[in-house]
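Which chain is which? They are A, B, C and D, in the order written, and residues in each are numbered from 1.
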Amino acid sequence: MVSLTIDGQKVEVEDGSTVLQAAQKLDIHIPTLCNHKALLPYGACRVCLVEIEGSRGSWLETSCTFPAQEGLVVNTTSERVRKTRKIMVELLLARCPEVEAVKELAAELGIKDTRFPKKNEDCILCGLCVRICREKMNVGAINFVNRGTNKKIEPPYDKYSAICMACGACEVVCPANCVDLSKITTRKPRPIPSEFDEGLSSRPSIYVPFAQAVPNTPVIDKDTCVRLQTGACGACEAFCEADAIDFDQEDSIEEIDVGSIIVATGFRLFDSTQITRYGYGKFDNVLSAMEFERISHASGPTGGEIFTKDGRSPESVAILHCIGSRDENYQEYCSRVCCMYSLKFAHLVKEKTDAEVYNFYIDIRAFGKGYEEFYKRVLGEGVHFIRGKAAEVTDVPETPEEQGKLVVVAEDTLLGVTRRIPVDMVILSGALMPGADADDIGRVFSLGCGQGGFFIERHPKLAPVDSMSDGIFLAGACQGPKDIPDSVAQGAAAAAGALSLIDKGKVVIEPITAEINEDRCSGCQLCIANCPYAAIEYNEEKKISVVTEELCKGCGTCVAGCPSGAAHQKNFEDEQIFSEIEGILIGAES
Amino acid sequence: MAKPKVAFYWCASCGGCEETVVDLAEDILKVVDAVDIALWPVAIDTKLKNVQAWEPGEVTVAFINGAIRTSEQFEWVKLLREKCPLVIAFGSCAHIGGIPGLANDTTRDEIFANKYHRSPTVVNTDQITPQEQTTVDSYDLKLPKFWKDVKTLDQVIDVDYYLPGCPPPPDLIAAAVGAILEGKLPAKGAVLAPEKALCDTCPRNDTKPDELTITEFKRVATSTPDPEKCFLADGFLCMGPATRSGCGERCINGNMPCRGCFGPTPDAIDPGLKILAAVASRGEADNEDDAKTLADSLVDPVGTLYRFGLPASMLKRSVATERAQP
Amino acid sequence: MADQQFEPKIVGFLCRWCSYTGADLAGTSRMQYPSNLAGIRVMCSGRVDPTFVVKALKEGADGVLIAGCHPGDCHYSEGNYKAMRRHPMLVNLLEQFGVARQRVRLEWISASEGKRFAEVVTEFTEQIRALGPLNWNQRVQAECEMV
Amino acid sequence: MSKRITIDPITRLEGHGKIEIFLDDSGDVERAFFQVPELRGFETFCLGRPSEEMPRITPRICGVCPTAHHMASTKTLDDLWKVEPPPAAKKLRELVYSAFMIEDHYLHFFFLGGPDFVVGPTAPAAERNILGVIAKVGLEIAGKVIRVRRECRNIIETMAGKVIHPVFGLPGGVSRGIDEVQRQEFLKTAEFTIEFSKFALELFGDVVLKNPDYVDLVLNDAYAHQTNYMGLVDADNKANFYDGQVRVVNPSGDEIAKFAPQEYVDHIDEHVEPWSYITFPYLKKIGWKGFVDGPDSGVVRAAPLARCNAADGMATPLAQASYEYMYETLGGKPAHCTLAFHWARLVEAQYSAERMKELLEDPEITSDDFRNVPTETPSEGVGIVEAPRGTLVHHYRSDENGMLTMVNLIVATNFNSAPIAMSVEKAAKGMIKGGEVNDGLLNMVEMAFRAYDPCIACATHSLPGQMPLVARIRDSSGTVIREIRR
């Protein structure tokens, strides 16, 4: 460690630190344009000048490059420093009078205008782009060319770079926003679509999945991270003070023994491209409910502002209900939540824009607490409700006012007429569907799938959160379309169910387990492979098969499959079934 | 005390059961020391008279072999039942019907037609069929009535014990005789053989894989069984798992799968159905079509699953009416 | 009466998780289907011992329905596959005995398929009606000597 | 109405057997009938079965000669599936078959038919059985008899699983082989058996031939029949039991037919009578002439003596010698005296013993190559072997899947059914005169058919017990005036 004094304050920093870093440790602000945490000190902009006091007088140094030394005394605010820094900034201002970063700095230093002739360049020649390209990306696609006043940054020979991978790092670091990738390479940069924003916005390779994600920690998308793909970059490391970034981490599968399981695998939104006549995926402004949800959300890509794809505020918006629900060609069931979220959308559009809102509905199912009231309120807000399922969405105009609009065609079943409503935006309220992997999940937990493929509860009224297997519970939309309050309630109930088992510390097993009469079992072992629960074992020394009662679920398959009849099912004996048969068939044959 | 008297009688059988008693010949003197034979099966006296003359209980036990196919056999076993405190069904035929029981898969008319009219070597222009009563130049001749079906002994009279096997092995016979002499018989209705299925004593049981699966049922016509391997594991249907042990695994030693002559284990109500359920469960078929193919590879289910026990089976016999015509 | 139409007696072995629940659903949904089928609840179609089926036919049933979960949906993961493998072998055997193979039917009916349950029962009942009575014992007695 | 004697049942063949003897008013035999009152219908209930199971089903036709049926059936399958067994398989089959012939012939001679001679035809019934034989020849010899049978049956059991109802026969071979150790062990058996066969013939010589009464009995015309004779012969017309061609000679010993098994339908027909469940085979070329003997009769006899008559001799030295000696004694070939069947039986046993040794001396018999799996489409097959009691024919047809569509069986006792009927009638006529009927006489009548060794005749004498014979003499009103019971 070395200790030095900056503006009269003492500070200790590690060997090899720069004066700039030492100052930053003291929260002493030194302006800079070319410094970047992830890059080596460079000293190009010279804005970070400080005065070093030595025995034989003092001199100026760029703090970003000058090493901190024992006993060093530094002054960052001396008259000499301010004067020189002002001149530096004036020179920059003369070169690039329009660059924001420079203008801000000038303002900060109280510079009204530059005294030098203006050149109106856009690049401040800080070299961040050149350095990040070489130092971090190990590419070096661009560099300084020419000297003095002709100095500029370009790919070699001012030709498109063959090695540039269009990672866009240069763009990101440029303080003057003057990098234009299309001048460097023919490659098109591929933005990474944000899953959470339904692809409406892009995200970096290291990111937090969404606001309030739990846990709220960033993840690295290894398919797009330059570090993980090429071994270069790793810039993020330099910014993480906690030093929490570990590029060597591997995916790992954790096996956890548990006593009970709550299946809450949720739902998937109906894929509206299946119904081509609504033009989803064909017209820019036909949105799925989830896409609109993001657009209208404060944390969404537009910050909650409702725009059409081309950035206009819509004059009219149509909301189409029951897309894929209550439809014999798709899902027969009612998805239960669409009516209410459609009303919410209508409300939001009204609140945030001046657009007219048209709801195309079969009927409004406002069944929940306070829902009907909300429906009334939305009616009061002047939202139009047209009773009739939309027939199609088209961009073929029939009248001048339909020009350039999307036209929703529907039969108004109240007026008994077919209506064409021109709108700027169409929202499709799609059905809730079982997760794509519901079948596999069902198999894993031996859950039956019921209507529409949602998991079946043990009893619709008496055991709505229990599954057919003890210790496995259902919560949320995986069991059927559900809104948030219901999901929360069911989740809580499932948790309570799980707790009650943990609390007991023991489980009740079926009273109908199989049993093998050891005086009769010949040890043929045919039953063993028949048992899906590995509940039957071969006793080598007795030479017979034995049932482990705790594992037996009482399906009785081994009993039916026992050739010698040595296996039988307690309380579900063949004799019992025989008497049932006899009972049923009393007097069957005259 | 006088030696107990024993009666032997036979019905529709091949004589193998007598042969197996002849095999006792080696111990013949012992047997003769122990019991008096009041009636030897073949020695049915001309008329029922002298048996009818027996004091009830005078003859301790009647060993009856063969299935019941004629009115005459029926009369005889009824009489023996009256006279003897103990009646023992001797051998597969009396016990469960035996091979002659396969006749329950056809009809009396078919049997006559094939034997006397359709046979490639029979010349029978007048379409003669043997008659119960005929007169040949004034001599009237009788034949007993040939029944429509084959019955097990206990389907016509009350039976006390059963000695299984085709034929019953001498050691079991000796044991049974011993038990009678010492009065150490089990509860009435018992089968005088071990209760466990053949796998219990089968030398090949250890070769069974953990997860036995059957991809198709092989036929010995077109493949030869592995001399060491469990027949099921090798793909040949074996009745062993549903059949009583006690036979000495002699067929297995001859490298042929068990065909069930010892009859069902005590808990297998219908051994054919039980083995069917067992082997089908182990079939390698995950869709209806494969399952059908597997099932079809088991040719002649009745003749295979009920080789010895058709008359004793739940359905007793076949009735052609609904059979799909090929 | 001679002109009275023949009412088949059908025994159904219904798996407790899928088909029996499906039957319940048919009931709670007030669906109409013939009353000819009397259901017996078993834990799994894999529990259905062929002996049960034959017992039913012997006791005078004209048809037997075995119904379980769809393949892959078995509550006990694979019991219904056992049923699936036994069925063709059993009907092959029964056919050789002289029982039309259509008299023993295997169906997959899930807990949600109340409608399907009703359809299967209706359709099966008509099929058996067309086949006519089985009367196994009578037919056997006709072919056997009475003692 | 005439008087009637019923011997019912004598014993079963393929079922029961029954003799009806009708006396005229003078008490002489007017007419005797031999009836078989049972039938089990193998020809029918085997239909639709997989053909390869027949070797394990047909033995149940007869539990005394199951091996004969097993072997005939197995050979039929070779033909049906068009597959040739490897040499080792043929040897193994013939080995088992020879062992079977030996034990069966001795069973009959010492336990069944033999007692009539050894103890004496008119000896008290209670002694006329194996115990009587033991008493007469002594325990040590009895021990030998038992040992021969045990060891021969051991060979069968080792190879075929079960002695009663073997299982090892397959189309194109057998299900298992033997190793060197077993070969050596079996060789010992073979040698011992050869020794025994000499002894048995000596015994027959001492006890029977040295006793003029017996010789008279044997040569007695009451037991003689002029019929055709049939048997399998090898390429040199020597007798063979397992394989070869069927040769038929007429009463004067001239060959009148020689055919391969497949041609049997051109030579054999069966006659049906309404009063018996058994059919009566006869020579097709000659036709059915009724129950008559003589050169014109179509009746053909099978069984030991018939085989000796039909063959030119025995393929092994000792047996050949015994064969020649027998015919010398009987006054030349062919011999017609029914009772000589017993003698022929001993000669055949000797041949089988020698044959067994031959087979075992060939190391190839231990080869692992004992099965050729069929590759052809099965259609039709015929298999013929010589059962102890005569020629045995199996004939199957199948569909392309090998499932049986036709089964025809002609068992030895079939061939002999007409001769038996004739012998019985002739014997009755010769023995019963003037209503004079007694135990000894009836037994002699019975000996007439016992000589043919119709299957279950066995048990009759195997234990103390009595032949079920009652002669009831009725007057014309049909009421019994006298009853003789043994």
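What we mean here is this: a residue touches a chain if its C-beta (ideal position, glycine included) is under 8 Å from a C-beta of that chain, and two chains touch if they have at least 3 such contacts.
The model shown is predicted, which means the values in this text are computed figures rather than measured ones.
If you compare A-C with B-D, the chain pair joined by more contacting C-beta pairs is B-D.
With centres taken as mean C-alpha coordinates, the chain found closest to the middle of all protein C-alpha atoms is C. Centres computed as Cα averages put subunit A at a distance of 51 Å from subunit C.
Per-chain CA centroids place subunit B at a distance of 25 Å from subunit D. With centres set at the average Cα position, the gap from subunit B to subunit C is 33 Å. Separating the centre of subunit A from that of subunit B, both taken as means of CA atoms, is a distance of 75 Å. Contact of a single residue of subunit C with at least two other chains is seen at positions 46, 49-51, 55, 82, 136. In subunit A, the residues that reach two or more other chains under the touch definition are 530, 557, 560-561, 574. Taken as a contact graph, with one node per protein chain and an edge wherever two chains touch, the assembly fits none of the named shapes, being neither a line, a ring, a star nor a complete graph. Chain contact summary for the complex, subunit B toward subunit D: residues 8, 10, 12-23, 25-26, 28, 32, 37, 39-47, 50, 69-70, 72, 98-100, 102-103, 105-106, 110-111, 114-116, 118-124, 128-131, 134, 136-137, 139, 141, 143-144, 146, 166-167, 219-225, 227, 250-256, 259, 299-300, 303-304, 307. Against subunit C, the residues of subunit B that register as touching in their complex are 74, 105, 107, 147-149, 151, 155-156, 269-270, 272-274, 276-277, 280-281, 283, 285-288, 291-292, 294-296, 298, 300-302, 305, 314-324. Against subunit B, in their complex, subunit D makes its touches with residues 6-9, 11-12, 15, 20, 22, 31, 33, 35, 37-41, 43-53, 56-57, 59-64, 66, 77, 81, 107, 111, 130-131, 146, 149-150, 153, 157, 159-168, 170-171, 173, 175-176, 264-265, 268-277, 279, 281, 288, 371, 373-374, 378, 395, 401-403, 406-408, 410, 455-456, 458-460, 462-470, 472, 485. Per the touch definition, subunit A reaches subunit B in the complex via residues 517, 519-526, 528-530, 543, 557, 560-566, 568, 574. Those residues of subunit C that touch subunit A in the complex are listed here as 9, 11, 17-18, 21, 38, 40, 42-44, 46-52, 55-56, 59-61, 69, 72-79, 82, 110-112, 135-138.
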